[in-house]
Each structure stands twice: as structure tokens, then as C-alpha cells.
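Look for chain A in each of the two complexes below; its partner is chain B in the first and chain C in the second.
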Partner chain A sequence: MSSSPDDTTPGIFRSEEVCLSQLFLQSEAAYTSVAELGELGLVQFRDLNPDTSSFQRKFVSEVRRCDEMERKLRFLEREIKKDQIPMLDTGENPDAPQPREMIDLEATFEKLENELREVNQNEETLKKNFSELTELKHILRKTQTFFEEIHRRDGPGSVRASASTSATDREPLIHVDDEAHAPGELFRQIFGYDRRTTNEHRQSGGGDSMQGGGGPDDVIVADPAAESETMELTGPAAGHGHAGMFANFGFVAGVIQRERIPAFERLLWRACRGNVFLRHSEIDDVLNDTATGEPINKSVFIIFFQGDQLKTKVKKICEGFRATLYPCPDTPSERREMSIGVMTRIEDLKTVLGQTQDHRHRVLVAAAKNVRMWLTKVRKIKSIYHTLNLFNIDVTQKCLIAECWCPVDALDRIRMALKRGTYNKLEEESGSTVPSILNRMDTTEAPPTYNKSNKYTVGFQNIVDAYGIATYREINPAIYTMISFPFLFAVMFGDMGHGTIMLLAALFLILREKQLEAARIRDEIFQMFFGGRYVIFLMGAFSIYTGFLYNDIFSKSLNIFGSAWANSLLPNETQPFFDKGLLEVPLMLVPEKAYVTSPYPIGVDPVWNLAEANKLSFLNSMKMKSSVILGIGQMTFGLILSYHNYKYFHSDLDVKFMFIPQMLFMACIFIYLCLQIIVKWLAYSATAGVVFGYEYPGSNCAPSLLIGLINMFMMKSRDAGFVGADGKVSWGCSNNLWYPGQSFFETVFVLIALACIPVMLFAKPYFMWKAEKERQAGNGHMQLGTAETVLVIVAVVQIPIMLFVKPFFVWRRDKAAAATRESVRADMNGGDSEAEVVHHEPKTNGGGGHGHGDGPLLKDGDGTEAKKLDMADVMVYQAIHTIEFALGCISHTASYLRLWALSLAHAQLSDVLWTMVFRAAFRSDGYIGAISTYLLFFAFFFLSVFILVLMEGLSAFLHALRLHWVEFQSKFYGGHGYVFAPFSFEKILEAEREAEEA
Partner chain B sequence: MGIVIPMAVVTGFWALVGILGPFVVRRGPNQGIIRTMIVMTAVCCWAFWILVYLHQLNPLIGPQIPVKTIRWLGEKWGNTNN
Partner chain C sequence: MGKLCPLCGPKMSAFCMVMSVWGVVFLGLLGVFFYLQAVTLFPDLHFAEEKDALDNNKVESAFAEKANQCWIAAGMYFVTLIIVFWQNKFNTASVF
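Right, the complex of A and B next:
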């Protein structure tokens, strides 16, 4: 271990010590060694071939093979999902397979993929055949029914027609021939019962249908007798080859999607001018689309037409509508035969299809057991080769050289892992191989920041990391944030009721942790709450505590310990108000009489909840003062942390010329203010007396601290004491000096604070410049150094004295006007706008390039490595830092007042919710009262949860976040680091899985 | 109730938590973190309590309460003038 004394401090406050190491891996053992390191997950490899493109690296072909395997596995997975076969995912973690296993895996996947593709192809063909046959079956069946229906219409004649002797049919044919003037008319008469569809044509076609041979008009006049006559024609009309005009009278039959029927019908009618006849019927079974497998509704149609020209036209239209045409024999017997043939073929196909599907299922079920495990294996192989691609290959080709960052703590474990990796290899192959070597290297490069975290701390670590990754080995604020964050949140959110809701919600997430994690809910908002469940839990717990101190539970108070206040008014004092009916007139219970010597022990006295008139002025004063004290406390704590940082980095320069002046500045103005607040609390009460040697007439003379602070800066002369020489209480007594020597002390404090500013500004750059000069000179005159230091400090302190002392005395002589309330406001506003400037400032730090780290770097005397000192740069950085600190202290103190503002807003909102919504329920009695209580409770609860807990909670969360990022961390946090990203199978697999699910 | 008793009880309680709590923590990788958390909790909670307590120690103003509430107060919480 290194000799640094700071190593004895526990490691939790800083990031892990990380060192750069070189690895020499035998090329045979490199793969297994990297696999072991991946399981360990504690090593971050550096790319040693940054100039080589990813296509020129050594193991590019292996990576490609892995990609190919992954593709095949994903294909398999898709197929498995399509068949809804459950995939076995035990979450087990198979070891990365040996490189030669890769060939086996590849062969397995290749076989599986080919098999599956073949099966799929076969299945597709079979299915296509099957659906075609099914369609044909339907066509045959439907056309059969068309024809049969027609015969049935004919009554006894149908028997004759089915005999299908052309001679008997001849007679009525001629009969029709006389009547039919156009072929369209003929068809219509043949299928006269289909009047409805033709009527539709007439209606929709409008003028067109009139041109179409005037057929439809005749339909209406056609009487049933004429129809029954024409029926006899149908038998022969269905086929070709009959004598007379039916010699070229043909039909086509096919299947079309049901939705296309109306358009199809209309187009046929128009294109063929009504000279074709369409008859269609819906297929009752739902067929499946061959390509997509989606269910689809289809209809059988049959079109009659005359002549080849029409035939081609009809066929074209059918094609256009994606209708499938099937051959349909002319005669019933042929149709029947065909139908039987089709049925047997369908049955055969069904058997074959079933077998194919069974086979596919078996293949997939077998694959489903392994597919997740295979995927894990392949991903591991791939990541190993990716890592190997980062390595350098030795000239002898015997070994691979890697550079990596690894935590010093874990070096032994890494060595063990390497040994395992090499040993596994040796076990299998005889032959002496040199073990892998891990070599620690020295580097000037800043190592990555590695903060260990567990599931409790990760939420807070994320809060800190969101602002910036800590500089290497810098104090990690997350440790302190773990309590201070929920605490500051709770100061703003203090309410027992709302805190309990929040606590229970977090408790639910924590207790159901395992189940919720397993459910892998991808919802972003849920993920946010789930990830922060321990943060929310602590926030809820602290809110209950602060709510208890604020004595607020849904804006109501508890009187547990007995109020410190009682009634001091005599009945004869209150009676007049009752007589006049002025029940709501507020009367003050004066503290001298109504207050019982000791305060309510824990929290705010419940009497203030009843004091609607001046509750706010009491609470505001309390919350404001607490905010300032808590804020200054936190900022001082931040400064102390900065001391530990400087100390850790052995930067005496920073301790002397940054920490000490900053602390002095803080103490002289802000800690002094806090002390004043506390002294005022302790010393001044409502009763008159003698305080600090001055006669104190009563509460109206209690010193006003804010105006006092302004007067302190302006060095305004004031009267000492509250009572003038004449024994009268002087006007504006609260602004007077209130302890002996106050004027002197305050002057000294202001001067010290002002003197600190030039020290902060110039001292560090000066010493850096001096050190640089000495280094260049080659040897330093150390004895001169001390003398110089003293001289410089004296000189620097002179500056503010020269600047301010004379004006101060001049000022002191003339009596300036009293400070007004406006000046306070102006100052506060000024402070707030500063807060904005400061908020953006840390980003510019990185550009400055001279962080805290520069001190140690130059001090280390690493002459060759140290950058040449750029005085302008240093000065700019120092000026920014000084201005940021000096103004920041003021604006940050003002910024902490948000603790007061938000808790005030929260308390007021919950009060309004109670009085406006829920209280109304208690005004009515009886059943109405019960019902209104029941209903209003829901409104109250809903608004409580959504507005007060969720919205207010979010706002308080953001403000607490800001207080930590800006006000707290600006005091000590550099945040110039980069995160330690080790090569870890666990992380890689998790990332892949998330990408898969996204 | 005097001032000393609540002062001693609450301060003692948080002091107990803050000082003895860290010794109760079992050894383990998170020992340091848990100790820090316990101490910080004790400090924060005590600080907030003492701020609220001190503010009420010497009240400069009294509550302004509606007359009818004052009468109710007199009946329930007692009167100081008799």
C-alpha cells in the first residue's frame, strides 16, 4: 500500500483507488482470461488501437460470426414467439464457451435455421395449396347450389333439367329468345330472382344503367309468371356447347375478397355495359391469408358472359381485383367428380400439414429450452472478441498486450481470475505456457472515478452523478446527500399525513421489489419512481418527522404534550364581543400573561393552528430563521469538505489561500448572522428587562437582524441601547446597537471579510507563478520564500484598509438616513439574480482547465509533465472562483430561503384544501352530512395525493436537488471526472436485454 | 414542564442515537455508510428540533385568536388569570 496517510481513512467517502495496469496474455489463453475478467467485471480496458478502424482489427471475422449467430438466434426467437411457445429463461449464467465450441454452436444454429426455414417453406406451400383447394371446394359447392337453386325454382321441371337433355330445353329457349332483346336482359331473366342486386345497380348507376340496355326497367315490370317460365333455361345455360345462341355462352368462377365485391360488381357492369351477369355468395368459413396468415373474408362469384371479347375483359377485371379464378367444369357430374377429388386432396393435405406443423413445433420446443442460454453465450463470445480487438498484438505474435484501469483493492482478485483463465487453458492442452502477467503502471492521466454503490445508495449516487462525475478520489457527496437530501426535502414538505402517504408508497415498492423487478415494467415514469424507492422512503420518513415538528397533519395540529398557552382574558373582557355577536373578532393573547414559561416540548405549539390572524407571521419568522441557519450550516459543512479535499490532494496552497479566507469570509458575515439569530432567541422575550447591559423595554425593541446586517455592511452609525438618555424609548429602537462593542466587532468582521477577497483572488496565482519561476531557475531560495509570504500577506491586507478605512471614518461622522425596507428588498432581489449566474458557472470551470488538481500537479514537481503555467488562465479562473464564492455566499444564503418559501406554500395549500373542500362536509348533519363526507373525502384525498403529494413533492424534490447541486456542491465539488465503466458480462447482458425490450 | 426536562430528553435522545448508534452497526462493507447516515440523521433531526424549540422559547408575539375560540380555549386548556 502507498505511504499516504490518507489511505487510513475509510474508503467510503471517496471513489475507489484505481490504477493503470498492463496485461500480458498468452495468445492461446487470452480468450479464457478475458472471459474470466468479464465474469469478474472489475476491469476497464483501454483501446490500444484507436487509429484502426473496426473493420481492420484482428478478431473482426469472429465478431462477424457472432453477429450472424445472434441474427439466427433472434430469428429462432421470433419463430418461437410466433408459435407462443414459452421460452425457458432460468436466468442462469452459463460460462462463456471455449472458442472451438463456437463452431459447434454455429453448426447447431445453422442446422436449426435451415430446418426451420425448410419447414416454413413447406408449410407455406402446403398452406397455399390448402387454401386454394379450400377455395375451389367452396366454388364447387356454391356454384352447385346456384345451379341447384335454379332447378328447384322450376319445381318438377328441375328433375327434367337435371336430366340435362338438350332437346327438352330447346323449346323454352326459343320462347325466351322472342322476349329477350339484349343479352343483359336475357341473363337478368335467367336469374330473375336476383332482382335486388340489379335494382341496386339502377339506383347507384343512375344514367349509366339506362344506357346499359335498359334492362333494370324491365325487371320491375317482369311478373312472376314470366320468371318461372324462364327458369327452365338454367340447366343448359350453365355450360358451353349447346346449340343456338348459347354456343359461345360461358362463365368463369372464382374467389374474391368480400370488401371488393361492390366495386367489382359496379366495374363489371359498367365495363361490359351490363352484358355480363355476376352472381356471388359469401363463404361462411373464415379463410386465412396465405402470405400474412391473417383471417380474411372471401366470396365466391360466378360471371356469365357471351363471347371471347367479353371473356378477356372479364378476366382482366378479375385480375385487377386480385380475384382468383378456378376452373369449373360445365356439367354437374364433372363438378361432382371434381368436388370429390378436391375433398380427398384436402384431407391428404391436412394430414401432411398437421405433420409439418408438428415437426415445426417439436423443433421450436426443443430450441425454446436453450435459446436464451445460447443468446447469452453468443453475446459473451462477441463481447470477448470486441475486447480482444482493443488489445495490442506483440511483434512475436505470441502474446497480447492490454492496458486497463482496475481498482487497487481488486488487484488480487484480478490476478486470481487471470490465473484461472490460464489454468483452464493449460489443463486442456499440454505444453508449457507462460502465465499471464499483470503489471501496475505509473501514469499522469487521471484514472476513472469508481464509486461503489448498492441498491440503497445507487439512487443518491445517481443524483450526484447527474450533476457531474466526481473528480478522481474527490470526496463523494453522495454519502452526505443520503441524509441531507431527504432532510432538506422534508423541511419543505413537512406534513405527517403527506409524509405517511409517501412512506407507504415507497414501502410498497420496496416490499414488492422482487416481484416488480421480475415483472420488468418498461414504463418510464414507473421506472423513475421504482429506481428512487429508497430515496422516496427516506423522504417520506423525514417528512413525518418534520411534519411532527411543524405540528401539521393534513394542515391540522395535534396537542400531545399540552399547549404552552392558555386563556389570559377575563370573562368580562370577552363578554362584550359575545353580546354584540362579534364572535370572529381576533384578540391577541399577550405572551406575558398567556404563555406558560416553557415552550411546547417538541414542535410548534398547537395554539398557532388556531391563530388564523397571525399564525403566518409567527411561522414565517421561524421558518425563515431555520432556513438561514440550516443553509449556512450546510454551506459551512461543504467548506469543511473542501478542506479535506485540499488536504487529501496535498494542496497547501489551496488550504492557505482558498479554504482559510473562504472560511473567514463565511464566519465573519454568515456564521455571525446565525449567532445573532440564536442570541436573539435566547435573550429577548416579551417582558421588559435588562439585556446585555442595555435597558430593554419590550418586544417592539427586539433587534431587527436583517436591517442590522445591512447596517453592518454600510457601517452606519447607530445609537447604542433601546432607551435614550432621557429615559424614553427611542424611535426605531429595533435598529439600534444591542450589545456593547457591536460597532467595533462588526467593523472588524466586515474588514476581515473584505480582506479575504483579494487573498482569494491573488494569493494562489501569485504562488503558482512564483513556484513556476523557481522551477525555471532550477533552485529555489526557500528562506526567502517565508519572508516573501509574510510581506505579500501584509501587502494584500493593506489594500482593503487603504480602500475602506478612510471612507468609513468619513462616513461615520455624518449621519446617513435610516436604512429602509426597500434596500432590503433590493438586496434580496440582487441575491436571487446572482443565484442564476452562479448556477451556470460550474460549466465554465471545465473550460478554465485549472481545477483544484493543478495545485498538486505543480507541487509534485513533475517538471516534464507539468503544463506551462498560463498566468492569464489562472487569473481568470481565480477571478471567477472568487467572485463566485463571495457573491455566491450571499445569493446562496438567500437561496436557502426557498426552504421557507416552499414549506409555507405547502402548508398553505394543504390548509386551503382542508377548508375549501373537506370542511364543507362537516357543516351539514344527518344523512346528508354522512353522504357529503363520504363524497368529499374522495375529492379531498384525490387532490391531496395528486396535488400535495405528487406535484408539491416533485417541486420540493427539484428544489432540494438544486440546493445540493448548486449551494452545497459548489463549495467543494469539482466534478471533472469520468465514470469507471468496467468490462462486465452482467452489464453487457443487461444492456442487450434492455435494448431487446425497448 | 420546565425547560430543562424536554431539552435534556430530546437532546439526550438524539445524542444517544448519534453517539451510540454507530457502535451498534455490524461490521460489513456498508458499516461506514450506515454510521455516517446515523450520525447525519441525529444531527439534522436534533438541529431542526432545537431551531423550532428556541424560536418558541421567548415568544415576542402572542396568537390572535377569534373570541369564541378563546372562550373554548379557556374551557379546555385553562385560564392563566385565576
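Right, the complex of A and C next:
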């Protein structure tokens, strides 16, 4: 360990000290050791084979096996979820299993998966059979009804269908009493019947679901012209006997999706030119689609046709409409038999299906108990092998070599974990093994940044990290942010009422922490609030405090200590106006008379709330000035932090030529301004008197600070004091000088501030260049180098002498020019001793593990002496930095005025809400008043929460964020680091789980 | 047990519960402040447009009136709270 004095800095102010270590792990013990380290979660492994693709690594087969296992488990999980079996998730954390155990696990999963697959396959086949049989059952049943109806109609005393409208419409389907017209008659009868049944159905309002073709097509068919055509077409068939006709008539029966029926019907009609007869009927039960398992509505249809050509046509159309055709026997007895057969088969299938499902359920229930634990185990194994893949394998194959970053504090614990890992191994397998070795290494690489945080600080650490991860061992602003962030927020959000709402909301989140965490609500917005619950809590608490100072609660004030204002107009002064009958008279309330003895003890006097005309002028001035003071305070604090950073990194150059000029610049302009503000608050009041030796006539002469600041830069000459020599108050007295020696001090301040700029700009690059030059020359030849420099400069100086030797005598000015050049040389020589000191630093501290550079810029390369100094780079960096700082001081100070602006906006919005919304409730009296209060309170509070607390809160949050990131952190924060990401089971499992739930 | 008069679901009733709790507290306190004749609430008083000047009695009675008004409204919120609480308990129970 290096014994730098700064190592005693408590960890919370800077990131943890992290060192690079080498691990030698016995190849037998590597697995268990890594498992122990994973449980510990404090080691970040480095990839030692970055050139090797992931397929060429040593443990790729194991990783693949783990992937396979994970896939099987996910399959299991999916099946379990499908059956809605609750999964046991105790949240327990099983140890990473031994590599041996992996085989058992694999076998278990394999068995489970196969079993499940088989069961699923069987079930699928069974289900398919079942649905087919069900469809067949429906077909048989429906066709039965078709044919039965026909038989019923085939009774005695049948009348022509077309003529008959009687209710006892019993006609045969194939009426053959008139042979000559048989086929046409047949169709006519059918369709006639059909049409009538349709009518009947319409009359009886539906009843059975049997429906004819319905629609205009029917009418056309029933048309005599169509009839004759049909007769012609089917003419050749006429004259044959019953038998021949029956032989030619065929039918097919099948099932089709209900939505396809109309199109199916139309196509059949058109394609077969009306020579087929379609009957269909909806199946009442909802069937399941065999492939997808989705519920589907189907219809049974039966098509009668004549002839083989039509048959093929019909079959093709059926195919096209994805209708399933089922064999349907011709005779009723056969149909009955088949129906009985189908019913028994369905019953059998049901039993088998039930048994299969039972079996599947049993398997899944058994698996559900373990599946989460298995998943955890498999993920642990996988992550261990992933980590082992990062290691280097020793040539002897006896041990694995790992490189890792680990916090120095945790080295002992890591050693213990390694010992545990090896020891466990030893216990199980006899044989001499060497314990794992942990060896600290020196490196020039910047270690990762590891900021310890807990649930209270993590919100603030996230705010800082969102801007940039701190450079290694840089000051961690999170700790200061914890107070300054909620405070700046609260300055913009100052209202006791809104603060209380926010505090209560945060308190709810905090008190219900455990339950809410267990509920695992995935809503992003909720997660955001929940993650920042401690931030919100502090913001609420601080808002109550600033609200108390602003004396603002829902735009009203509390008069706790008694206002320091009293009406200066006595009743006997005002009474005359009343007596005259005047209701409104403008009167002056003289401030110095209205003030009683001592001020309001803390916060804004409540009487300001009632001062409608003056309220804003007072509050604006107060808030604006306090914003400037807070802002400059925070920026100065940032500068002081930068000093600690420079000191920590032993960067004298930065302290001397960055911190000091910056601080001087800040002090001469801005801290001076702050002091002026405070002095003005303290010294100048409404009463006249003598202030700083000048006679002060009254508040109209209180010094104007903004104009004073401008005059300071302009170095404008002003009168001293407020009262002229003639005893008169001078015009524009507020712009006059207000303390003795002001113009001298201000001139000095401006000059110092201006002088700081070139120092900031050039000093550091110059000394770096100087140091670099000497380093290149080498220490031994220092004298020679200096001599050479002197010679070169002398030679260079000769050139203007030669050039200007005549003009030199003629013009004196040229001599002066030569003189300046000489002074430059003297300056360079004078700087040697300084530069030498700087130069030594990297060498004395070289063993510390990282380079203590001259500043954030050169940190990366400065530890190695062979680094070339790129002068242009340095100069550009410095120029940008200087300009940014000098201009930034001004613009950032102005930027802090957002504290005032947002606070004003918040107070005004809240005032508007009260006067425009809630006040209306008090306009009416009695019960109407109570009801309007009831209703308007709802609106008022709803808007308060959503506009003032949520939206304004969000905007104040963002502005506070900006003030921290830009205005505060730009003063000292590098943010060039990278985060310490240790190998930790906890984190891996959490990440996997989140990915699963997303 | 089936749902009895389910006016609002669990979320709505939770929201209304928060609103009415705050209503009871806020309006109760506001009533107290009116009762104490807080000067900061003076601009909220409403007076009929009359030609004669205000006197103390008028102002005092206006304060008392508004205090009562606030307390009545607070009582209404208390009733709302009971109803909403019953709804919430009831509907939450029937969800599971």
C-alpha cells in the first residue's frame, strides 16, 4: 500500500480505492472459487482473451449446455403458466451447484421436457380426433334432421309445394309422381319448399336453425324460366326410372366455418348454375380449432347434386373453402349405427383425454415447485462458466489465471472467499491442491470508479452518475448533492402545503417499501418515483422549510410570531374620510412609521401577503438576491472542491494556475457582489441616518447594486456619498459611491480579475511545455539545454537587431520592441526551478498505481514518461476551459436566477389557483356555499396536486438537476471514469428477472 | 358475496379516499382559521355591494359564516370518506 496521506480520506467523499489483482486458481478449485466470488459480488473480472471469439473459449460447451437447460426451463415455465398453476417462488437463493450436479439437472430437465412433449403431442392428436368426431357427430345429427323432415313430408295427400301454403307442408324431397317433369319438379319442389320454410321461419321468428339459401337467389330459382332451363339441362336424365335418378343423385356433407357460408353458397350456385342444392345449419356448440385451439363457430352443410361432374366440381369448391367433408351413409339405419359408433368413440376419447390432462397437470405441478430454484441454479452455473471463459489458461493446464479489479478494502474478504472455495473442494476430493493465490499488480490503467451506496444515497448517486461517472478517486459530489439538491429544489418549490403533500407521498412510499418492492410493479413512472423516494422525501421536507421561510402555504401566510407591521394611520386620521362618505381613498403607508420595534423573527413577514401592490416588488428583490447568494455560494464551494481534487492528485500546477486565479476572479467580482448584497440588507433601511460615514437621506438612495456592478467594470467616476456639498440630495444618488475607498477597491478588483484571465489561459500550458521540454532533454544535459536555449534566443534576438539597426537609431520605439523580447527570455529562465519541481512528481509517485497528472486532461498518459505532450491540444483545452470559466461565472450566476424565477412562478400559480378557483366557493352563502365549497375544493386540490405538485415539481426537479450538473459540477467534476461492475450473482439474477418481466 | 352497488373500482376509491381525507383535514383547518378571523383570509370574504361602509360586526359575522361553511363541507367530505372507504373495502374484497 502506498502511504499517501490522502488515503485516510473517508470512503464516502471519494470512490473506493480499487486495485488490479491477479488470481491464480487451481483448475479444480476454479469453479467453486468463482462461485464464492459471485456470492460476494466485489470483484470485476477483466477479459484476458479479448481476441478470442466466444465460440473458441474453453468452457463454451458448458455455457451451451446451460443455455439448453435454460431453454427447457423456460419451456416448462411457459407450460406451467398456460395451465395457470401457481409457481412457488420463495425467493431463496440456492448456492451455485457443483459442476457434477449439472449432469443431474440436465437429466431431470431432459426427462421432464420429453415427458411433457410426449404428453402434449398425445393431447394434440387426441384433441384433433375429438374435434373431428364432434364434427361428424354434428353432421350425423343435422343430416338426420334433414332427412327426417323429408320423411315426415312424404305422407299421404301431398300437394304441390308451389301451390300449398298450408302449415301441414309434408312433401317428399324427391317427388316422383310426375315422371315427365321429375327432375325439374324435384328442384322446384325442393326450392319451393325451401322458400316456404324460409317464410315459415320468418313467421315463427326463427325456431330451429335450419335455414334455406335465403335471399334473391331463391326467387330466381323458383322462377318458371329458370325452371325450364333446369329442365332442359337435366333433360337427358328424364325418363329414367326412380332407381336411375337415385343413382345419379348424390350428396356430400361436411363442416365449414360459419363466416364462409354466404360466399360458399353463392359460388356453389354460380359455378354449378343452380344445379346443386345446399342446406346448412349452424352448430350450436362452439368448437375449437384443431391447430390453434381458438374457439371457432362452424356450420354443417349438405349438398345435393346430380352426376359425377358436378360431384367433382362441388368437392373442389369445398376444398377451396377449407370445408371438411365427412362420409355420410345413405340409409337412416346406417347413419344411426354410425352415430352410435361415433358417440361411443367420443366417450372413450373423453376419458383418455381427461387422463392425459391429469397426467400433464401432475407433471407440471411437480415441476412448478422447483422451476424457479432450478432457473436460479442454472443461471448461476452459466454466469460462472461465462466468467471462467474470461480467464487465461496456464500452459501446464494446472491453473487458471484471472485478472480482476477489486476494492482494496475488500481484499481480505476476497481472500477468505477464495479460501472457502478451495477448502470446499479439498474437503470433497482428497489430493494435494495448492490454495488460490491473489496477487496485487501495478498498472497504469485507470481503475474503475466504485462508489459505495445504500438505499438512502443511491438516488443521489444516480443523479450524479447520470451526468458522468466520476474519474477514479475524484471527489464524489453525491454526498453534497444530498443536501444541496433538495435545498435548491425547495427554493423553487417553497410552499408548506405542497411540501407536505410531497412529504406524505414519499412517506407512504418509504413506509410501504417492503410491500411495494414485493409487489414488483413494473410501471415505469411508478418505478421512477419509487426509486427516488428518499430524494422526494428530502425534497418535501426542504420545501416545507423554504415554504416556512417564504411564509407561503397554498399562497396564504401564517402569522405565527406576530407581524412587525402596524397600521400607521390612526383611526382619527381615517375617520374624516368615512364621515365624508368616501369609501376609497388612496393613502400612503409610510414604511418607517409602520414598523414596530423588532422584525419578524424568521421568514417573510406575513403582512406582505396582504400588500397587493408591493408584495411582488419585495419578494422578487429578496428572492433574486438570495438566488445570487446561493448560486455564488455553491459555485465557490465547487471551486473549493476543485482545490481538494488538485491537492489529492498532487497537481501543483493546477492549484497555482487554475485554482488560485479562478478563485481570485470569483472573489473579485462575484463574492464582492454577494458581500454588497448582504451589507445593503444590513445597513440600509427606510430610516435616514449616517451609513459608512456618508449621510443617508432615505431608501431612495439605497445603493443600486446592479448598476454599481456595471459602473465597476466601466470604471466610471461617480460622486461619493448621497448628499452633495450643497446639502442637497444628489440626483441619481443610488448610483453614487457608498463607502470610502470604493472606487479604489473596485478598480483593484477589476484589474485583478482581468489579470487572472491570461494566467488561467497561458500559465499552465507554458509550464507543461517547459517541463516536457526538459524531460526530453534529459536531466543530465539540463545545463547544456539551457545554454542552447540561451544561444538560440540570443541568435533570434540578433535578427531584429540586424534588421532594425538603422531604424533603431531613428525610431526609439524599435528599441522598446527589442527590450520586450529580452524580457520574455528572462521569464523563461526564471521558470526553470518551478518546472523542475513539477517534473519530478510523476517519478516520486509512480508506484502508487496510477499517474498523478498535472490535471484531468493528462491523467491517462502522464504516468508513463514516454508520453508526448501535444501543445496544440493543451492550448485548445486550456483556452476552452478559461473562456468557459470566465464567461461561465457570469452566465452561471445569471442562471441561478432561475431559482427566483421558478419560485415566483410557483407562488403566482398557487395564488391564481386560490383566487380563481377556490375563492369562488366563498362567494355564496348558506347551503349552496357549503356545496360549492365541497365541489370547488375538489377541483382546487386536484389541480394543486397535478399542476403544482406534479408538474411544477417536475420542472423544479429538472432545474435543480441542471444547476447541479452544469453550474456546480462544471467547477470541479471531471466525470471521465467508468463504473465498477463486479461479478455478482445478485445483480445477474436481478437483471435476468427484469428481462423476464419486461 | 356479490358486488353491492359498485360505484367505483379500487383505484377510483383509493383516489377519492385520499381526496376526502385531505378534504376533511384541509377544510377543517381552514374553518378554524376563518373562526379565528385570520387576516390573510380577509380577501376571501365576500360582501354584498352596499353603499355603507364595513364595520367590525359585519366582518366578524362573515368570518363566522365562512367558518361554518368550511366545517359543513368538511363534514360532507367525512361522509364521502365513509362511503368511499366502504366501497374500497368492498370492491377490493370482491376482486380477489
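The rule is short, and it goes like this: the second predicted complex is superposed on the first by the 801 of 998 C-alpha atoms of A that agree within 3 Å, B and C clash if a C-alpha of one lies under 4 Å from a C-alpha of the other, contacts with A are read in each partner's own complex, and residues count from 1 in each chain.
Note that in this section a contact is a pair of C-beta atoms (placed from the backbone, for glycine too) under 8 Å apart; a residue touches a chain by one contact, two chains touch by 3 or more.
Quick caveat: nothing in here was measured; it's all calculated off a predicted structure.
A.B. asks: Check the residue A:F578 against both partner chains and state whether it touches chain B (first), chain C (second), both, or neither.
C.D. replies: A:F578: touches chain B and chain C.
A.B. asks: Touching A:S557, do we find chain B (first), chain C (second), both, or neither?
C.D. replies: Touch partner of A:S557: chain C, not chain B.
A.B. asks: Report for A:I483: first if it touches chain B alone, second if chain C alone, otherwise both or neither.
C.D. replies: After superposing on A, A:I483 lies in contact with chain B but is clear of chain C.
A.B. asks: Classify the contacts of A:F937 with the two partner chains as first (chain B alone), second (chain C alone), both, or neither.
C.D. replies: Only chain C; A:F937 stays clear of chain B.
A.B. asks: After superposition on the shared chain, which partner residues are touched by A:M622: those of chain B (first), chain C (second), both, or neither?
C.D. replies: After superposing on A, A:M622 lies in contact with chain B but is clear of chain C.
A.B. asks: Looking at the overlay, what does A:V590 touch: chain B (first), chain C (second), both, or neither?
C.D. replies: In the superposition, A:V590 contacts chain B only.
A.B. asks: Could you look at A:L610 and tell me whether it touches chain B, chain C, both or neither (first, second, both, neither)?
C.D. replies: A:L610 sits against chain B and chain C alike.
A.B. asks: Return first, second, both or neither, reflecting whether A:R923 touches chain B, chain C, both chains, or no partner chain.
C.D. replies: A:R923 contacts chain C only, not chain B.
A.B. asks: Tell me which partner touches more residues of chain A in the superposed arrangement, chain B or chain C.
C.D. replies: B
A.B. asks: Is A:R362 in contact with chain B, with chain C, with both, or with neither (first, second, both, neither)?
C.D. replies: Neither partner.
A.B. asks: Considering each complex separately, which residues of chain A are in contact with chain B in the first and with chain C in the second?
C.D. replies: Of chain A, residues 578, 583, 610 contact chain B in one complex and chain C in the other.
A.B. asks: Would you pull the chain A residues touching chain B in the complex into a rising list?
C.D. replies: These residues of chain A touch chain B: 10-13, 454, 456-457, 479-480, 482-484, 487, 491, 542, 545-546, 549-550, 561-570, 574, 577-578, 582-591, 593-605, 607-608, 610-615, 617-618, 621-622, 625-626, 629-630, 633, 678, 681-686, 699, 702.
A.B. asks: What part of chain A is in contact with chain C in the complex they form?
C.D. replies: Listed in rising order, the residues of chain A that touch chain C are 556-559, 578, 583, 606, 609-610, 915, 919, 921-923, 925-927, 929-931, 933-934, 937-938, 941-942.
A.B. asks: Which bits of chain C are touching chain A when the two form their complex?
C.D. replies: Residue positions touching the partner: 19, 22-23, 26-27, 38-46, 53, 65-66, 69-70, 72-73, 76-77.
A.B. asks: Going by the contact rule at the top, pick out the chain B residues touching chain A in the complex.
C.D. replies: Going through chain B, the ones touching chain A are 1-3, 5-6, 9-10, 30, 32-33, 36-37, 40-41, 44-45, 47-49, 51-71, 73-74, 77-81.
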